[in-house]
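You will see two complexes here that share subunit A, one where it goes with subunit B and one where it goes with subunit C.
Up next is the complex of A and B:
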């Protein structure tokens, strides 16, 4: 059994290296440095990084469904919308505690995901992508038209910041710290789920639905659970946006959000562990960098993204592996 | 052997891809501890038959497992009962490590960690190379190692019936022989095996009975010792 004919040349990798490579750890370190630098520098960058942390939470959830499970969804903004408006309505209209409102909104989003996902996830590929995109559009339209609840284009103002009891996170610097901690917790949680029996089942589905089923994985149920997990993350992100900015309107959770988070995930690396965080931070900062190019900012932004997708098709967090392969070749 | 309740009994199983009849009503059985091989030319319907048995594609007909009608069950339920299939092309999860692939093999049967370790040890005894590659991704291994992993993963479930679709595909003859010999050893320990294989001489050495499929239906069923030469096979293939 150990004859050369059936032996590959590569030495066995360590367990640590099979999860993170040094390049990915370096990228995470840079992202952490960017947060620390922003805390010191302050100013407008604080808002940029706050949003990056929020989108990072969103993308971690999206990565569960699109990356680990290999399913297409362009409609996760619908659940962010439920989270955002849930928090806004419960806090502003009913005077709920922000944290309680965030959790309640997540529960509502999870129930919606269960009801919508059950029939929708029978679809595959392009059909699933179109169905989820429609879901995002419908939710966007409802948030505009149902003025008695959502206040339409006027949106909701005066949403209180996060806090527990008499302690509220008012300062912009503290908001960033809290959001970074929440992002870290979301990341840790996703890592635990990814490495669990459930996570292995999801990744098996991504590899081959038939192959997973042949090993006993209940494919439809697992896809539904992954959809709900992604919805919970999206809802949390939607609520965090509302409590951080203090104002929401339908545009915040519109199709633009779906496109942006999709871009973030692919720039960072869909299906990779650190990709969602790297994508959220890099894309958010990139928007600010290309803003300096005036009228050409959209073109500059598109060129950078296209270059990333062409030369790093698996995203920035997979660049390390790409360089290693080229070196070995 | 065939007088006892068969391990699996397939009755008039038929499957179509749209209007194309890929498998005409086909019946076969495997007795407990029996090694049965299915031979046939390309396009005869061998893979379709295995996919229909394991419910990976919709089909008509009846499947009994240990005398119990399992026709309405889904693929994952069949896996729980002990019908495990190694698919053509190995069906490995390339981005996952050897360990994770093997853990997935015991997915439905996961008991305690000790139970999992016991199953892993058993696989490593058969394929020591897998232990050396435990944290390596499946896609980075050689073809032979990948096939060992595919078989090892299936064995993690401690199946009652192991179904294999061309496990020697794309492998060097020596490696193919080694893997098929391991299957022969497992069969001697009592494992029921249903094997689809293109490499007829190898398969015929191991199996006790053979079904010959041609043009989407069974052309012959006979004990392997009755096949004396390639000419016998050709006669059934093209009859």
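Up next is the complex of A and C:
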């Protein structure tokens, strides 16, 4: 779970171009091209890319906690669930504006993360992983059983699309544009945080908690803030799903979401800057590539993912290091 | 090496082209939970559609064109359902949907399918937005009938007056549970306890123990799938020899497995076609028999042994859709929908239907009888 950023002998980068190697810039360019290509081509790939953008936002947050801070969390879907149901209930039941509902849900998710994270983050390693996993399961169960609030498996329908005032984003192409802009903003924000004093503290914790504490980093506080940041991103992703699809039910935010986003993060590169975005786009598109294999699509999907993890264990965005090493040699 | 790569690419492209529909075909889309919790029921729904399409094409197709079925696996999740519905609309250019029993998946897609003015014929319950209901038709019997069949039996044939409910949280069952709680008194029954479970739970001893402690003489199981076999095993291992178990509508194999465990203690509602597949004489209504015979023959020819409870309604939904297309003289979604609403009473293989402009839940008469298992076969419970 080591962040490449803290193992580098180079001083922290300050300018945009020097934060990335050419390979990562190339990957980001390819992801942008995929979005532009989808906007031109249209069709159902618009939906696939919309979901990829939403999962990208989720994974950027997850990367903060798992990648930069080096902590394990299998329960971030709990906060996506709060975001999704928060948006749905506030918009459908109380007629709130979608943007306002999204922000309010993020605040609620943040408060929950603070309350839950304070005792939970005293745990480490496998214990923390199990605790966060159970958090996801509990939230999933509540979303099923608390039918008077969540409507259980019947789900929430008629959730309005994103918009401000009388302007709503109805067209599928515009939805993708808006989601891509939100992903870009989330990415920029994560870069700013990563290179701040806070971000450097997180990466120090990832390297050695004792070492970081010796250097004056308030480890528990930093971990808690990272957990809250990840929860805010997850909540935003949950809300975006609700406003993009217009329907949510417990399955959307179930354990499958935790597995899916985990896979995306590892395929893209956990602890890397562009990994969350690349992982979300590649994994989403991969499902469509293997769809043609009919009954064998799950097997084909698993084989490709396994091959990726075996031959690129640090994720696709870290592959550039291979070429650099060859050059240096 | 370069040549072999080029060859593989060319082969893949040509295979892809061969798989796409001809411009002359009428394409029907189906979003099915072929993996995940809906796989058991939706695979049968797909089989019924495939048999019906083959039958229609053998008879010359519709409006001078052949029908083509495109099925996509929604993995029993709403997010995948959204993707596959959109895929079938934009890539396969479907003119209508005939989709499986994953309610949440159909709900998630209903808004944009309605906006595209494509009719949806569903194995699941209807979506709840009025604009979406206009385009959706339910081939699933209303949950009330399942409840009534069981309560009627308890009232007329047994001394049991205290019952316990054991329900999963799926949308269809949630509706059914509400009805079961509300209507018990009408049959002189009292719901003394109500327990829930998850579809993938592997033991219900605790819930069944609580129902027994509350004085329930019968467990009304509300939910489909293997859970009923688990519950049957739990009742037996708890030694509750006097407790009756009344399951939900199920796949044939599940009925047989639960019946094998509990014997006479197990019974469940079932459409007549599930029994008639073995013995056609059970269908005494000549119209129902005339509708069922070609279906049973087509299924036996295509699949050998088959389970016809879900497949029969899939068959009916497709034949009725074809009827509406013929009546409308076009595959235009709006005209097909309007023609479908005017089809009038229709006796199908799985049930009788009566869709109208106001009523998009087609089954308006109870299609169920109560069955139990004897000698590895379903028999009418008397």
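A few remarks follow.
Criterion: the second predicted complex is superposed on the first by the 307 of 329 C-alpha atoms of A that agree within 3 Å, B and C clash if a C-alpha of one lies under 4 Å from a C-alpha of the other, contacts with A are read in each partner's own complex, and residues count from 1 in each chain.
In this text, a residue touches a chain if its C-beta (ideal position, glycine included) is under 8 Å from a C-beta of that chain, and two chains touch if they have at least 3 such contacts.
Because the structure is a prediction, the values reported are computed rather than measured.
When the shared chain is aligned, subunit C comes close enough to touch A:158, but subunit B does not. Look at A:26: by the touch rule set out above, it reaches neither subunit B nor subunit C.
Contact with subunit C, but none with subunit B, is seen for A:298 once the two complexes are overlaid on the shared chain.
In the superposition on chain A, A:37 makes contact with neither subunit B nor subunit C.
In the overlay built on the shared chain, the residue A:219 is in contact with subunit B alone; subunit C does not reach it.
In the superposed model, A:256 makes contact with subunit C only, not with subunit B.
By the document's definition of touching, of the two partners only subunit C reaches A:144; subunit B does not. In the superposed model, A:313 makes contact with neither subunit B nor subunit C. Listing the residues of subunit A that touch subunit C in their complex gives 42-44, 46-48, 51, 144-145, 147, 152-155, 157-158, 241, 245-249, 251-252, 256, 288, 291-292, 295, 297-298.
Of all the residues in subunit A, the ones that touch subunit B in their complex are 1-3, 5-8, 10, 12-15, 17-18, 197, 200-201, 203-204, 206-208, 210-219, 271. The touching residues of subunit C, when paired with subunit A in their complex, are 16, 19, 34-35, 72-73, 76-79, 82-83, 86-87, 89-91, 103-104, 107-108, 110-111, 127-129, 132, 169-171, 174, 196, 198. Of all residues in subunit B, only 54, 56, 74-76, 79-80, 84-85, 87, 91-97, 100, 103-105, 107-110, 127-129, 132-137, 140-145, 148, 153, 157, 172, 174-175, 178 touch subunit A in the complex they form.
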